[in-house]
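Here is the structure we will look at, set down as structure tokens.
Labels for the chains are A, B, C and D, by order of writing; each one numbers its residues from 1.
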Amino acid sequence: MSSPFDDRMHEECGVFGIFGHEDASTLTALGLHALQHRGQESSGIVSYDDTKGAGQFFVHRGLGLVDDIFNDANVVARLTGRSAIGHNRYATTGETLLRNVQPLYAELAFGGLTVAHNGNLTNAIKIRNDLTQRGAIFQCTSDTEVIIHLVALSQKKTVLDRLVESLKQVEGAYSLICFAEGRMIGVRDPYGFRPLVLGRLGEAHILASETCALDIIGADFVRDVEPGEMVVISKEGIQSHHPFETAPSRFCIFEYIYFARPDSLIAGKSVYDMRKKIGAVLAQESPCDVDLVVPVPDSGVPAAIGFSQEAGLPFELGIIRNHYVGRTFIEPTQKIRHLGVKRKHNGNRGVVEGKRIVLVDDSIVRGTTSRKIVEMMRQAGAREVHMRISSPPITHGCFYGIDTPSREDLLASKNSIQEIADFIQVDSLAFISNDGLYRAMGEDGRNAELPQYCDACFTGDYPVELVDQIMLKKAC
Amino acid sequence: MSSPFDDRMHEECGVFGIFGHEDASTLTALGLHALQHRGQESSGIVSYDDTKGAGQFFVHRGLGLVDDIFNDANVVARLTGRSAIGHNRYATTGETLLRNVQPLYAELAFGGLTVAHNGNLTNAIKIRNDLTQRGAIFQCTSDTEVIIHLVALSQKKTVLDRLVESLKQVEGAYSLICFAEGRMIGVRDPYGFRPLVLGRLGEAHILASETCALDIIGADFVRDVEPGEMVVISKEGIQSHHPFETAPSRFCIFEYIYFARPDSLIAGKSVYDMRKKIGAVLAQESPCDVDLVVPVPDSGVPAAIGFSQEAGLPFELGIIRNHYVGRTFIEPTQKIRHLGVKRKHNGNRGVVEGKRIVLVDDSIVRGTTSRKIVEMMRQAGAREVHMRISSPPITHGCFYGIDTPSREDLLASKNSIQEIADFIQVDSLAFISNDGLYRAMGEDGRNAELPQYCDACFTGDYPVELVDQIMLKKAC
Amino acid sequence: MSSPFDDRMHEECGVFGIFGHEDASTLTALGLHALQHRGQESSGIVSYDDTKGAGQFFVHRGLGLVDDIFNDANVVARLTGRSAIGHNRYATTGETLLRNVQPLYAELAFGGLTVAHNGNLTNAIKIRNDLTQRGAIFQCTSDTEVIIHLVALSQKKTVLDRLVESLKQVEGAYSLICFAEGRMIGVRDPYGFRPLVLGRLGEAHILASETCALDIIGADFVRDVEPGEMVVISKEGIQSHHPFETAPSRFCIFEYIYFARPDSLIAGKSVYDMRKKIGAVLAQESPCDVDLVVPVPDSGVPAAIGFSQEAGLPFELGIIRNHYVGRTFIEPTQKIRHLGVKRKHNGNRGVVEGKRIVLVDDSIVRGTTSRKIVEMMRQAGAREVHMRISSPPITHGCFYGIDTPSREDLLASKNSIQEIADFIQVDSLAFISNDGLYRAMGEDGRNAELPQYCDACFTGDYPVELVDQIMLKKAC
Amino acid sequence: MSSPFDDRMHEECGVFGIFGHEDASTLTALGLHALQHRGQESSGIVSYDDTKGAGQFFVHRGLGLVDDIFNDANVVARLTGRSAIGHNRYATTGETLLRNVQPLYAELAFGGLTVAHNGNLTNAIKIRNDLTQRGAIFQCTSDTEVIIHLVALSQKKTVLDRLVESLKQVEGAYSLICFAEGRMIGVRDPYGFRPLVLGRLGEAHILASETCALDIIGADFVRDVEPGEMVVISKEGIQSHHPFETAPSRFCIFEYIYFARPDSLIAGKSVYDMRKKIGAVLAQESPCDVDLVVPVPDSGVPAAIGFSQEAGLPFELGIIRNHYVGRTFIEPTQKIRHLGVKRKHNGNRGVVEGKRIVLVDDSIVRGTTSRKIVEMMRQAGAREVHMRISSPPITHGCFYGIDTPSREDLLASKNSIQEIADFIQVDSLAFISNDGLYRAMGEDGRNAELPQYCDACFTGDYPVELVDQIMLKKAC
């Protein structure tokens, strides 16, 4: 559940694929709709139709929300065939970058290949430089395109072998859905940074970033694709391969804290439930003597419920969302900006006036919106405003598929907790501890030797070497 | 707070006006934005500029949401002047009906007159027929236009006298904001069916349907305009008149239950607080032996919190909203419609599976969406599904400014509570009692002789005679 | 045939109506398309459908070209019925003025009335002031609306009688198509300033500004509606009335010179043929010792052909039009404007280089574009550039339905022919004489007592008193 | 000058480039505007900006007309830099094909390369197949992309050497404008099928398909780029290279007949003048005893003027164009289609009624529109309708950059002149002879051994072997 407050980190992608259903494209559009929180700035679908003899691919991609790009029944109707894969992306605008919208598609010597990628490769720039020297032409700036080039240049015979050979050369995070030679292929990198699940709808097989994309089309959840696993779906059924060296799983713990939708299950755990448990541990670690618990809508709600239940404090909507925030804005002039214009939210004076409150939110990135929310609460009459955060302080950037500001913009990278509290002007501030977070997840605590999750944004402990980053730094 | 589930009654209008601010139109657009829940299908602003000598009116109206109609800075910039009034409307589409979008504006013998109207007149058709016989030309089908014709035909000297004379001829519900002869005028009908509040921002005076429109621009709430009061705002300040025969106030109780935004104050009472109290009375009247309380998002949330606190049951988000529901739709084909496509909401299996739950919602109109929600909960694994409704059964239509289906479409007009429970397939169903509702509002109960509110939709007790309805029935 | 050079006078309106055809609206859209040159800024169609019992009107109006407003098959499909009237208008933009787009429509006591008007009333402001004093409300700023008010207020029984009574009160130019009480009515004012023809397509009757609108739908031309005639078309057939005092016809001679399409017939005369004859008389009156005749495209072409044939000089395309001039513009920056950017036309160097040429054009209004064309010819290498104009100098404004600049902007109102020649920098300049113009039209010359045409823009001899103009002047 | 009648062959591209002007992109947009007749379905501009250190490319491409794609001042403003190249294309629609819109752009090992191509390669498919086998990835279906791949794979050091090496491998027609390594490069294939001229505007150098693109920006014509010449423009000035084996020039004669704009000069000859001369030879070869000469607008006008002057017959506009034909269409229903709807043209009855006329047009492709025009003339009352065509019969397809229908759709490929005359229902029909065409061009006649122009579409004499066509035929 994403938040309209914009000072968040952003998941960069959501992927969906379906094999063997007569309404493949429509179901893919619906699946992408359910995954909209994983990428709001562009979407695309590539379908494959072999119902009339030789297979043919159909592509439609655009900038904007899924509903806007696929709102025309004719658009979806042109994406014929019984298989389709789709992609949502968080990306910037412009003609040039329309070329970056996924799924990528290329005609190779053996036929068409289409790829939808969630994650980020850590050695893509290095490989790209090598390939360019050898005469390869790149159309887009995305790291995903190196995979396609490696497949094109591979001397292996089958697409599967070419893909395995290619993926052995790349490093970093990838949950991929590909389609080629009549097969839909799902792959997760050996660390399993990003999620990927397998579902079933009648005879059709489905791959998706989260289970909420199965729910929307009434499909059943089968299982998570495992880290390092390659699943190959064809008319003959599903095959599972493990072509890569195994590595200990390092799933992104922030998916549980914020990125995934609360109604999704990841690795068998309810995201909503995990958030409530994190809120409960937070209440144990950093209790607060207040009258009521106020969630920062909407992403802070489950943790706030957990906090309120553990602390025995009333849960109240002290901030009201305006449901009609469009994508266009009435820009107040400089003169009236100081009036405290609140288009998206309003403090609920009837609830907070004269009260001591604790706000529960999922993270602090730059701190600018936290500061505004606190101010809004004081204007609505709150007597004391405390804040509890359901993640540890974010001190490092992510290079595995999450959009984070540069390190100098992360408030916690250079400021103590007290300095942050002063900046956002709260009466008290606490973050969940890293160990507490792991305990909420059902572990005994964080295994410092070999952490059970990727928590690099809190610790700087990067599971995969940042080849491109090191190369770029040297170049400076 | 309105709900994306569409089986609700609809408030038909929101109004806003500001007098004496250099950013009058921008502030009006923001005020209308905060009042978007009172009318989502068209909006308009009329500004008045006398900064360059003779006063001039500027008009912009359109179909769609406020943000879309006023998203262009140039549009707002053309609405110059230090005063402006605006209107949101729930209405249908088409060229013809653009003419119905308010504020209405007309050049009369004494100059321009503009009117924004929340409410519905009950004898407008009768007056209109009379006027047409005398050669009047009507441009739109709205009842508001009769007020303008009556003002135009009045022989009184001042606009104020003409307006008073005109309003004495009309019956029904009206909270009006008018502008003429350099004055902004606010009027509420003698029964005060619909809300209207007075606010202040520095030297500027504001009129608005709800206090949330004051909050968004940082204005202070001054007081409610009283039933039967006419407030006249000019450069000389504010004057209050009471030109109409007094009547006992009959404010629409449904504004508290559903129409108003929870962060608004009406007659000094917090709407959010009233909804929680209604939920608490509901829990007292109709307790429920279940594991958890699930609100129907978003309008059912405050009552559900009240219910959960009173009953001592956990409050949990058993239904998750998709925040990215656009205004355009991927229409599933007939073949896959049965798959149970859920674009807007999803059952939160992690929360409800194996549990006995009580859903709290604000009303049942046709019952179709209630039935779908119950089904969604059962598919998500709920063991028992009970429902509690924070309004009495709706058995009669509203003719005072709320869009209700015809009586035969109101589920409760012809079915017992048990029949409704069977239709929506719940294990148990209860509505708050009419008396309980009044008690939650702080009364000792409903005064049957002279009810403290208008509750005609629950009781058929219409405070103002339905002249047009009777006339239309005779014509059949 | 209109010209993309914009320094022209503009015809203000074109009208079309059809009675008794199952494709009434589509045919009206096509008729308006053929009349596009008479008004390019807005269009509308009102259809009347009595095929399902009681008659009903359907309206669609918009700003832009006919093809853009009626490009959606659904829009036309909603305009059901066997009768329809339409209107093209030259008008400015903005929300307010959408209300001015014709046909106007109003619900009166006797039912709906719709009016499409070509021409301009000369006492509309006076009547409007009177009506406003009596309580009438005006929705638009168009003079046409006074006709509707007069009909609404008339005490006569039938629409026809009310319309006659109303038109007896107005003065000026009007070719009207109205629809009410199941009848389509065509009227021309007693002077017959603007054209109106009657056509037939099978059983259907048609009224239109010009015969080219009959040609486009394959209809037959029947006859011109006569000045002062009212034609009433109903299911019973056509009736002709002459309810007004007769006046000697004063048809606008500029329709022949420029406004009408060259393929139209007016009063039995081919417009193309008249233009050629005017060119021939011009060649007789003001011969020119040059190598070739170059038309100013496209409106100057027929006169240039006539000139070339009479003078025995070759006709050559010395100016080439770019056919792809869109409605949007690449605006050159100030710095490159001096480069002489020519988006719409280009001098044809291969033709004019080293040659003495005479340009033939239809009129000079402000002279600015004439000056640019002359410069373009010199840049393309023309040795001498002469100019011949197929109208007399325009010295007065038109108040009968043509948009002319204010008198001070008319180059010929204050400058001698030599001064004009100096301004546009030609080697010689001549206009056709007023008498020559009448001779080209087949007359013996202009009858100074009672001119055969309205030529007020050349002579200031206004056939109908300018009541509003006189009133406005007094008010200053 | 293109024609709205759509039964024509289509030029596939126009190119424009400017080096060293601060308004490079705006001037390129204007140049493309002047070349709109060479490609109406997509356009693009790539600019190069090295004013802030390292050079950077900016790209904007779209589907539609130049004015629509570049109508937004912001779009052009983002294309910064002192150099830019642009391209117009005749192409089909769809997301996939946006990738085909030129100029193509790629990041290669040495930096960016952008290419705009007019013409068509005859061995592109063969090369593409080879490259794909070696792992190259193609993004679009255009033949131009093989040039970019060959450059990328070349082992030569400089871009110029790489480009020369690449072009030695391709066959067919190409007039190219490229930009790389701070240089603008213009190349024409050894046969010089398509035009390319060099111009100058102050210090800036320009390359363009036709001289009309120089005129629009006020630039001077310098000279034609020669067949087989490579022109390299850098800050050091212009260099000319002739890296290819020389071949006798075979310029496309149809550029003179129809494709080029009449105000352009090609190889020093005025296109307008050539068309008039062709008309004159046509009149000598195939005289016609008629009353008047009627051009088919607009492309037939110059030849008709030449015909009329040679034959001593009056030239008259017997067909009137509607200037307001939008890109959207009011589609008449099946029922009224037979009415002979004429949206774009109308017969000018006043001119042709009762007359014997000869229509002069530039070509007959399928013959369908010729037939409609003849019918329109008869409906307008023409007594006899003859037709003279200013090209020889088109019997073969073009593979050098012109879009022609497949051979079976060319009316003249299977029908005698008499059969064609019968089909289009004229009283007589004649085409100019091939020899006459060469005589009009100033030759003594066609040199059968080594024709002075490419006339393959009339003769099947293809100067460059059709490698891909032969390969595709074998594959069938």
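Note that contacts are C-beta pairs under 8 Å (C-beta built on N, C-alpha and C of every residue); 3 or more make two chains touch, one makes a residue touch a chain.
Note that the structure is predicted; figures quoted are calculated from it, not measured.
K.L.:
Centre-to-centre on C-alpha atoms, which chain is most distant from chain C?
P.N.:
A
K.L.:
Starting from the mean Cα coordinates of chain B and chain D, work out the distance between those two points in Å.
P.N.:
Here chain B and chain D have centroids separated by 62 Å.
K.L.:
Distance-wise, how many Å sit between the C-alpha centres of chain C and chain D, to the nearest whole number?
P.N.:
So the centroids are 38 Å from each other.
K.L.:
Suppose each chain is reduced to the average of its Cα coordinates; what separation in Å results between chain B and chain C?
P.N.:
Spacing between the chain centres: roughly 49 Å.
K.L.:
Chain contact graph: line, ring, star, complete or other?
P.N.:
ring
K.L.:
Pairs of chains that touch, anyone?
P.N.:
A-B, A-D, B-C, C-D
K.L.:
Quick one: which bits of chain D touch chain C in the complex? Just the residue numbers, please.
P.N.:
Spelled out, the residues of chain D in touch with chain C are 1-2, 4, 22-23, 26-27, 29-30, 33-34, 36-37, 40, 65-68, 70-71, 73, 76, 201, 212, 215-218, 261-263, 265, 269-273, 298, 301-302, 305, 309, 314-317, 320-333, 335-336, 339-343, 346-351.
K.L.:
Going by the contact rule set out above, which residues of chain C touch chain B in the complex?
P.N.:
For chain C paired with chain B, touching residues are 59-62, 95-96, 98, 106-109, 132-133, 135-139, 148-149, 152-154.
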